[in-house]
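Next up: some structures, all given as structure tokens.
Same chain, two partners: chain A is paired with chain B first, then with chain C.
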Partner chain A sequence: MILSVALLVPWATGAVLVALDGRRRAVGWLAVAVLAATFALLAVLTAQVLAGGSQEVVTGGWPPGVGIVLHADMLGVVFALLSVLVLLAATTHEVLAGIEERVFPGLVLLLAGGLTGLFLTGDVFNFYVFFELAMTASYVLTAYGGGRRQLRAAMVFTAVNLLGSFIFLLSVAGTYRVTGTLAMLDVGERMAVVDPNAALLIATGFFIAFSVKLGLFPFHFWLPTVYAGSSPAVAAILSGAVANIGAYGLLRFGPTMFPAQLRLVGAAIVVLGAVSLIYGAVLAVARGDVAESLAYSAIGQVGYVLVALGVGGPVGLTAAVVYSVVNALNKTLLFLAAGIRGPLVAGAFAVGALSVAGVPPAAGFVGKLEMFRAGIVVGSVPLIVLLTLGSGLSLVYMFQMYQRAFWRAPAPAGPASPLPLRLLTTAVALLVLAAGVWPEPLLAASGRAAEGLLPGAAG
Partner chain B sequence: MILAFALAAAVLFGSGAYLLLKRDLVRVVAGIMLISQCALVTIIGSGLTRGRAPIAVPAGQAVSDPLPQALALTALVIGLATVALLLALVHRVVMVFRTAERDDLAAGEAEHEAGLEAQRQADREEAS
Partner chain C sequence: MSSGEPDRPDVIIRVIARMLLGPTLMVAAALVAKGYAEVGDGFGAGVAVALAIALTYVALGGARAEAALPVLRHGPKLAVGGLLLALATGFFPLLLGEPPVSHRPAPGEHVVKVGTLELFTPLVFDIGVFLLVVGVLIVLLHHLAGRDGRDGS
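What follows is the complex of A and B.
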């Protein structure tokens, strides 16, 4: 019940709000309220899933197999909760700063609806539909601000990601061809008896589609232009909420639908992740612009998620979930803080910087700890050296950025931003600290999510 | 029949990829459109079965698989919407930049690079 309502609320209000003038304060605050309500609904849903296991709803009362199946398990609700939280922070930021374009609140709600839907669906094709809903909203959001750089960013983002979407669709067609079903759990069962070549080809298609969304190393070329070109709130939305599609997709499709293929190419995935990690970190050190360095940092950070996925097993998958959550929070905090000035902001940015570098008590420490644990489980010395190197480099570039943005005299960006904006950023920073000081809920939820992905689990 | 579908999809994808690499933005859009059509053809080809249309079929008769058709219809609508959006975006780009060439769009980026270089220079002077 809550499952359908959580999906319907942002979608329906988003459709209405698109028609209203979002530059008016009331409309902006309405969007914030709806996002908060969605967040509350998802929190209740999470509590139910934690207590009673995963839930399933077939919409419209159709028999299963005909109607649209919504499936809420731990992994899905964790990602949905995270994405809506990021959207809530970014939208509140933008409402406080003053919305410039009329469609912004409506689009954010539609994006929230699309994201919640794709995290809570149990069907590959519905995943595609929700995915397109979310992506279409984010294509328009990228152009938010309407400047030349934003337009160019939107053009690049749209063209590249549409190509990614069609590769995804081709893989969906392939999946249907070889298994005759599109329900994720059935696909996982039937994939075991499929011709290995076909299965590997389809798995590669999905992998490419999600890597494009995530901005992993060989598919990252679009990401710096887009993150650096779009406005800070939109960059926070793209890196904190939209990029979750890629991480979730890899985690959901990999271990559930293609376990054999994942084992086969596990080493290659670790190597790709490692390359992404080092490449992103080195370029982040080399670039001068804060937003651009953050974009390269994002490429590096998703490398960790991929390494953890390649390691696999309960420890690796838990690390991947924890790291995705922590990374999304970090990036939201940093992009929001980098766009404003004044007292408190530098402190918030420093918390984000420490979190990316993995210094306790920030949340990043928990993520790094899980990564090291995964490295120790596979007993690979190069992997641990690599993780240490990556952390060292991230410390260098984060504080280079900090120095450039906050220590340079005279301050480059003029007067301090309004107090509410600064307070919001501080609140996000406190959340990152809280997740680091009290990591048990995050770790427990991620552990449960990883359990649900492993073969033999009830879903 | 499946071979025909596969060939059609391959030709569509190939031409789409070729157009996607062009400088002119309108051709890029056309390339994406062709690739979206390739995905549709593949979906239809992926569920090719012979039979009557699956509406009120007498019992015992073979029906064609309705699922790929439903998928293709949905994908068609989504493709239409995204291409319309892309065209609107190109229109906006042409209005703002007064050009539909990809290279001219990058000119703004060069300006930004130059600004960054000046900043780095200032950093070095401060350090020395």
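What follows is the complex of A and C.
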């Protein structure tokens, strides 16, 4: 029941709000209220899933296999909660700063509807439908601001991601062709007996589609233009909410649908993640512009998620979930803070910087700790060296950025941003700190999410 | 193109565009009506109608097309109304404590028929999808025609 309502609320209000003039304050605040309500619904759903296990709704009351299955398990609700939280922060930021385009609030809600839907579906095709809903909304959002840079970013983003979506759709068709089903759990069972070459081809298709979303190393080429070109709130939405599709997709599709293929190419995935990690970090050190450095940092950070996925097992998957959550929060905080000026902002940015570098009081420390645990469990010295190197580099580029943005002559920065904006950013920073000081809920939820992914898990 | 008016499409296209709209609406209605037993649905019907409207835009230009068919000015309302109608049909069972997209009359129950048209809630859903598709495509056509710069001349 709550599962369906959580889907309906952002979707229906989003449809109404795209027709209204979003530049009016009331419309913007309505969007914020709806996002808050969706967040509350998802929080209740999370509590229910924690207490009573995963929930399932078969649409139309048809028998499973005929009707489409909505499926809420720990992994899904964690990502849904995270994405809606990021959208809530970014939208509040934009409403406080003054929305420039009429469709912004409606599109953010449609994006929230799409994301909630794709995290809470148990069906591959349904996943694609919600995925397209979310992506279409974000194509338009990328052009938000309407300047040359934004339009260029939107063109690049749309072109590359349409290609990614096409590859995804081809893989969906392939999955149906070889297994005769699109329900994720059934696909996982039947994939074990299909022709290994076909299965590997399909798995590669999904992997490429999600890597494009995430901006992993060989598929990252679009990312710096887009993140640096779009407005700060949109960059926060893209890196904190939309990129979650990629991380979630890899986690959901890999271990549940293609466990054999994942084992086969595990080492290759770790290597790819490592390349992404180093490449992103080195280029982030080399760049002068804050937004561009953050974009390269994003490429590096998702490398950690891929490394953890490649390591696999309960520890690796837990690390991947924790790192995805922490990374999304970090990026939201940093992109929002980089766009404003004044007292409190430098502090908030410093928290984000510490978190990316993995320094203790911030949430990033928990993420890094889980990564090191994964490295120690597999007993791989190169992996631990790599993680140490990555952390060192991120410390360098984050503080280069901090220095450039906040220590160098304050003159060109202009007047301080309005106080509510700065307070909002501070609140996000406090959240990042809180997740680092009291990491148990995050760790427990991620652990449960990882358990649900491993073979033999009940639902 | 006629040599006298190089900027305007041929008279044949203009006449066909005007005449085609009525039959297209009939085809769309047929697509929706037979969609439950044979090929057809609200989406296909919407695309068919949008194609006829696109031809009207090509033949008359943006301003004239919208003067001839005032409904074309209400594309956004059609789209939002259609989406809300479809969502309402999809999610109303929640109020009755049933899973989403359950339909009334339920499977196996008596359905009122008008000819081959079955009156049940999925029909409303398809009409919603039809309106959404037509509305969105009208909005796109409106913007494409508006960039032309020559319309209304």
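Throughout what follows, the second predicted complex is superposed on the first by the 457 of 459 C-alpha atoms of A that agree within 3 Å, B and C clash if a C-alpha of one lies under 4 Å from a C-alpha of the other, contacts with A are read in each partner's own complex, and residues count from 1 in each chain.
Here is the rule we use: a residue touches a chain if its C-beta (ideal position, glycine included) is under 8 Å from a C-beta of that chain, and two chains touch if they have at least 3 such contacts.
Note that the structure is a prediction, hence the values are computed from the model and not measured.
Engineer: By the touch definition at the top of the document, which applies to A:A267: first (chain B), second (chain C), both, or neither?
Structural biologist: neither
Engineer: For A:V16, decide between first (touching chain B), second (touching chain C), both and neither.
Structural biologist: Only chain C; A:V16 stays clear of chain B.
Engineer: Which of the two partners, first being chain B and second being chain C, lies in contact with A:A26: first, second, both, or neither?
Structural biologist: It touches nothing on chain B or chain C.
Engineer: Who touches more of chain A, chain B or chain C?
Structural biologist: The partner with more contacted residues on chain A is B.
Engineer: If you stack the two complexes on chain A, which partner ends up touching A:A47: first (chain B), second (chain C), both, or neither?
Structural biologist: The answer is neither, since A:A47 touches no partner chain.
Engineer: With the two structures laid over each other on chain A, which partner does A:V58 touch: chain B (first), chain C (second), both, or neither?
Structural biologist: Second partner only, chain C.
Engineer: Which partner chains sit in contact with A:A427 here, chain B, chain C, both or neither? Use first/second/both/neither.
Structural biologist: In the superposed model, A:A427 contacts neither chain B nor chain C.
Engineer: Identify the partner contact of A:L163: answer first if only chain B is touched, second if only chain C is, both if each is, neither if none is.
Structural biologist: first
Engineer: So in the complex, which bits of chain A are touching chain B?
Structural biologist: On the chain A side, the touching residues are 125, 128-129, 132, 136, 139-140, 143, 148-149, 151-152, 154-155, 158-159, 162-163, 165-166, 169-170, 172-174, 176-177, 182, 225, 287-289, 404, 408.
Engineer: Mind listing the chain B positions that touch chain A in their complex?
Structural biologist: These residues of chain B touch chain A: 20, 25, 28, 32, 35-36, 38-39, 42-43, 45-47, 67-68, 71, 74-75, 78, 81-82, 85-86, 89-90, 92-93, 96-97, 105-106, 108-109, 112, 116-117, 119-120, 123, 126.
Engineer: Residues of chain C touching chain A in their complex?
Structural biologist: Going through chain C, the ones touching chain A are 76-77, 80, 83-84, 87, 91, 94, 97-103.
Engineer: Considering the complex alone, what residue numbers of chain A touch chain C?
Structural biologist: Counting only chain A, the residues touching chain C are 1, 4-5, 7-8, 11-12, 15-16, 18-19, 57-61, 67, 70.
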